[in-house]
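So the structure is just underneath, and the comments pick up after that.
Chain IDs A, B and C follow the sequence of writing; residue 1 opens each chain.
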Amino acid sequence: MNRKLLDKSVYFWMYISLAILLVMPILLALCLYIKSLPILQEQSFFSLIFQSEWKPMQGKFGFLPFIVSSLWVTGLSVFIATPVCILSAIYLTQYASKKILMMMNSLIDILAGLPSVIYGVWGILMVVPFISNILAPIINVQTSGYTILAGALVLSVMIVPFMLNMMLEIFKTVPEELKEASLSVGATQWDTIKHVVLKKTFPGIVSATGLGVARAFGETIAVLMVVGNVVKIPLSIFEPGYPLPALIANNYGEMQSIPMYDSALMLAALILLIIVLLFSFLSRIIIIQVEKYQ
Amino acid sequence: MKSKQIEEKIFKALMYISLILIIGVFLLILVSIIYKGLPSLSWSMITQTPKGGFYYGKEGGVLNAITGSLYLSFGATLLAVIIGIPVALMMNVHLKKHKRFVSGIRFFLDVLWGIPSIVYGAFGFTVMVMFGIKTSLLAGIITVSLFILPIIIRALDEVLKTVPEGLYEASMSLGSTRSETAFKIFIRQTMPGLITAILLSFGRAIGDAASVLLTTGYTDHIPTSLSQQAATLPLAIFFQLSSPIEEVRSRAYASALILTVIILFISLLSRYISSHFKQHQIKF
Amino acid sequence: MNTKIDIKNLQLMIGKQQILKNLSVQIPENKITVILGPSGCGKTTLLKSLNRLTDLYEDVVVKGEIILDGENILQSTQDVTAIRKKMGLLAQRPYPLPMSIFNNVAYGLRISGCGNKKNIAQRVEYHLRQVNLWDEVKDRLHEPAAKLSIGQQQRLCLARGLAVDPEIILADEPTSALDPISSQAIEKKFVELKQHYTIILVTHILRQARRLADYIVFMYLGEVVECQPTEDFFNHPKEEITKEYIKGAFN
């Protein structure tokens, strides 16, 4: 009797938890949407996205500077991080000994666990001065160092462990026998990598990159600390930027005092949510489709 | 053929450079945090709360942030485990037959996994405003637990997946209910892995700033109740760094060092647990 | 009977484990030599050491001589890819490369620098006909090889190996993943091919050995126990272990 009762209560607990899990994100999206409605009703979505004037006190909410900043920072960081990850993954899984692979795995795990604020501190300590004192003079540019470039560099360092981890997993799925089949007809290791391994891992690499983009888009604190936070459409990577997450993080305090401000910020959060979900969703679908095809 | 060999050499060089970059940056980060943080690290940093006007340079330490972070992460992890363990067990035991549904949940979790913590922070903040709740430790705990929920469930699920089919069948055929199988067999078999998963989620909770920024507030005191505001280490670092006073900024580095040490400790601890207990596990 | 490969005192160690213990065997030309033995006796390792795939194993040490065409391939001054081209490998499960049917066969040709399109097309057709696959795939040469059935894939892998003009075919339990009809097709093919190629076949199926082999090399725990023409092997085995093995498997 007691066992059955216990079983039933456990069942109950499980179903409630599952319900919470399933309902929570829907509530989240719904809540953000409802909160964004006021500003969406006042101005059209497209005018908000493409306007560049951000003067909340005057009721002007142009998101363009933030979106452009986000695109710059994310794009540049993925551009830097992806080749580094692919090259490292190839070396570690095809050329290196098992010991080195294991060591790097541990290293990546540790790096992946470091909080973003630590990366931000490092960015302020090393990246920003590097840009302002070493890089900029070479290119003959004046800058404080708090730039899109700084944000992108710090961000790329943050997403490398994440992406490399995924790519290592993907490369590990290529069977040894397949490589042996290629080598048996006289191909070199490099031939095998080019024509066999990379072909097999390509969808996985694309997927990992997509997930890297999703991760980079949403990263808040580290980027915020080095990117300058100036509301202006950045015209070069040596100018400061103001990505979308930073917008939300920096201004939540004033949200309540200015009309429509809270709605605008929630819209920013909603946009961020949708972009990240889109990239995550598509990237994961790619992997599933590929697995089905094999 | 010559051109192929040259091509391979070039790419191999690029590969070495990439690898060295990664290792090098890691060392740079560690070195810079230690170099800047160690000088300002003192016993009082860890054991004292800031004595008034912390932002402007009076003495004290970051005990408020250390305890705040620990309370917050502990609470958030606890809450996430209470919701997470049943779901993970459900996926692997009770719903074993419904493979498509379980794959669907896994996919759902994977997509949720990517939601940035600032979005959860914005959500938490909005809910708080809607209900007139002030920023507090409890609000932070709930927000952070939502953030780490997909992470912890997925990690627990990965561990539970490793339990072989045969063990499940053996237990069920002995007449156990599914819940008994779940708790007595699955959990026991995977305990070290579960602990590792929980520890790592705890690490994520402690390190996150964006979700607590909007929901937990900040204070110079050690929180004594859930409805009070609480300081957290990431925010402590962040705020101290933006201070105009040199001394306060240097304390930020020390706080960063403290946070890094905590995270490294958790990392090493979870490694130790998984490797130590692997010896005692039954291999199938 | 000409010797194609002369193996002398071959030893192979992985870490501290000795997998191959002082093997000496002669592989005859243009015959099917079957390497027979229970699982774990080292037959696959022996096969893979012939085309030096064992170079890829971690922590491996190889001693002794494998003499092919007058040269010890273990210490050859030649690039290992040239050695590998002399041998085609057929694995237990078919592993088609991730490309079209046509490109699978053409792969080896292109890698060696044969760039002539017409030449490649002719060779691909020739080798696909060689394995009796041409008629089945001629209309879909550019479809992914993964779409073929397992039996067809294994024949494709055979064609791929033959395309680089090997002298020797190494086959590691090539029919173990196939249904009886496909297996039969592959076995028939081997009998035809031995006129032009030296074939070394690893198997643990005694009946298959009896069907196909001209010579049998029986291995046990990393050593060659005995080595005889097929009929002599089955009717007059010399060693006790061999007698036990034959008895046990046939009962």
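Everything that follows uses one rule, which is that a residue touches a chain if its C-beta (ideal position, glycine included) is under 8 Å from a C-beta of that chain, and two chains touch if they have at least 3 such contacts.
Nothing here was measured: the structure is a model prediction, and the numbers come from that model.
Relative to the centroid of every protein C-alpha atom shown, the closest chain centre, again from C-alpha atoms, is found for A. With every chain reduced to the mean of its CA atoms, the largest distance from chain B is reached by C.
Summed over C-beta pairs in contact, the chain pair with the top total is A-B.
With each centre defined as the average position of its C-alpha atoms, the distance from chain B to chain C rounds to 52 Å. Chain A and chain C, compared by their mean Cα positions, are separated by 48 Å.
Separation between the centroids of chain A and chain B, computed from CA atoms only, is 17 Å. Residue numbers of chain A whose C-beta contacts span two or more other chains: 188, 191.
Chain A contributes residues 3-4, 6-7, 10-11, 13-14, 17-18, 20-22, 24-25, 28, 31-32, 35, 83-85, 87-88, 90-92, 95, 104, 106-107, 109-111, 113-122, 124-126, 157, 160, 164, 188, 190-191, 211, 214-215, 217-221, 225, 245, 248-249, 252, 256, 262, 265-266, 269, 272-273, 276-277, 279-281, 284, 288 to its touches with chain B in the complex. Across the complex, chain A is touched by residues 4, 7-8, 11-12, 14-19, 21-23, 25-26, 28-29, 32-33, 36, 82-84, 86-87, 89-90, 94, 107-123, 125-127, 129, 146, 149-150, 153, 177-180, 182-183, 200, 203-204, 206-210, 213-214, 234, 237-238, 241, 252-253, 256, 259-260, 263-264, 266-267, 271 of chain B.
Against chain C, the residues of chain A that register as touching in their complex are 97-98, 175-178, 180-188, 191, 195-196, 199-200, 293-294.
If you check the complex, the residues on chain C that touch chain A are 48, 51, 53, 56, 58, 81-82, 84-85, 87-89, 91-93, 95, 97-99, 107-108, 111-112, 146, 157, 160-161, 163-164.
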